[in-house]
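I have placed the structure first, in the form of structure tokens, so that the comments after it can refer back to it.
Labels for the chains are A, B, C and D, by order of writing; each one numbers its residues from 1.
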Amino acid sequence: METRLEIVVRSTEIDVNGHVNNAKYLEYLEWGREEWYEQAELFYDTFGAMGIQTVTVNININYKKECKQGDDLTITCRPEKMGRSSYVLKQEIINKQGDLCADALVTSVTMDSATRKSVEAPEALRKHFS
Amino acid sequence: METRLEIVVRSTEIDVNGHVNNAKYLEYLEWGREEWYEQAELFYDTFGAMGIQTVTVNININYKKECKQGDDLTITCRPEKMGRSSYVLKQEIINKQGDLCADALVTSVTMDSATRKSVEAPEALRKHFS
Amino acid sequence: METRLEIVVRSTEIDVNGHVNNAKYLEYLEWGREEWYEQAELFYDTFGAMGIQTVTVNININYKKECKQGDDLTITCRPEKMGRSSYVLKQEIINKQGDLCADALVTSVTMDSATRKSVEAPEALRKHFS
Amino acid sequence: METRLEIVVRSTEIDVNGHVNNAKYLEYLEWGREEWYEQAELFYDTFGAMGIQTVTVNININYKKECKQGDDLTITCRPEKMGRSSYVLKQEIINKQGDLCADALVTSVTMDSATRKSVEAPEALRKHFS
């Protein structure tokens, strides 16, 4: 399952160079992941009820093309790889002309909320990666 | 009691016009108020233990002078006026040359955390306004 | 002419209290004013060609109701008052249930880009206030 | 040459989970790189006078430990690797207890400002990597 979130670049997201700052791309990616978790019916409370939290441990992002105020962007998110407790989501930021502005691999870990140790990812999450 | 917080304007706080964006000033003011509450020993938990929350209901800010990357700024905060449940803090943003970059009046209300109705401000807060 | 911009509250716009931070409301208002200037055909370059810049000198905002992640908000903007060089825009933030979350008066001044002194507002701007 | 920038985590940098959001770490890293470029006397204008711009093409960040409001953090930056036109800076975010909160490799490219093609990194930059 791949999700696609449509956003518009806003004035306060532009830096002194007239384009979206590198840190703001990570906010866009997070918004795109929220969309994925929501459509996967993996809400914060869903994990909470299992005594699990997910924690982002690595983000590896390639910046390909600048984005400017008013740009219509699509933020994609899809499952890439599942380990025992860690999993990778693949994301892209694409503009209206179809140019790839950035792509990223985001690695997260499922953690026991109480002990804060990594635990095996639950089936509810795992099934999206098969 | 007036508090003074020293900050440095960072690169990601600058907008396309090369100066600090108007919304970012409100973040600076909040950092300055946090300093005041801390020195007044009015921590989030202090209010919580009284079953009280404070809520910002109005900010009236005058923008006087632009701030740029690397500027050393002082964010001041001092009590201005106390009502029954509402109180006003006066804040200023001053640069190294002593120029007033912005001033603001920030009005907050003390609220019962459970009923979410306004309640009389506690003495612990009130005493700073006499 | 009143403009209405529709936005969705994103995860990174939420603070530790679980609602939109007071500074972020000012970003929302700026996005709403950009929409107004655009529909009024008053682009940054339009003013630039007249040797004019607009500068925000005061924002007076009332916080009425909290906003949360996923909320659909409408940011309105309409002319309120025109002086010689200063003018006031009235803005509101309204949620899907029709609740007023915030209202604000935003005062700006038209300035000569070269001398950086205030100058009479141009007719292109002035006509929207009659 | 390694630079160390000291910062304090501010209230508006905290997300709903009570810790610094993953995107904000990238702002911290940028502040740390600005410090390095400044101490290396590689100002924006220095590159500009050579007809060169630097562009970030990849950030690979490991999140190790959460940061909270009031935390005193040190943001380090040091040269890691130099290619023909691309170079890598190594950065760390360390808290007061000496815990590594994040580390990152940031890859940038030197680009001809006019043609926007990559060009060989100038000696002024290259010498810091030997």
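What we mean here is this: a contact is a pair of C-beta atoms (placed from the backbone, for glycine too) under 8 Å apart; a residue touches a chain by one contact, two chains touch by 3 or more.
Keep in mind it's a predicted model, so treat the numbers as computed, not measured.
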Could you name all chains that are in contact with chain B and with chain C at the same time?
A, D
Label of the chain whose CA centroid is most distant from the centroid of chain B:
A
Fitting chain A to chain D on CA atoms, where both chains share a sequence, rotation angle to nearest 5 degrees:
180
Just curious, how far off is chain D from chain A if you go by their C-alpha centres, in Å?
22
Inter-centroid spacing, chain B versus chain A (mean Cα positions, whole Å)
34
Please list all residues of chain B that touch 2 or more other chains.
11-12, 21, 23, 27, 30, 69
So that we know how the chains sit together, what is the shape of their touch graph: line, ring, star, complete or other?
complete
Could you pull out which chain C residues touch chain A in their complex?
10-12, 27, 30-31, 34, 69
Tell me, which parts of chain C touch chain B in their complex?
21-24, 26-27, 30, 55-63
The chain D residues in contact with chain C across the complex are 11-12, 14-16, 18, 21, 23, 69
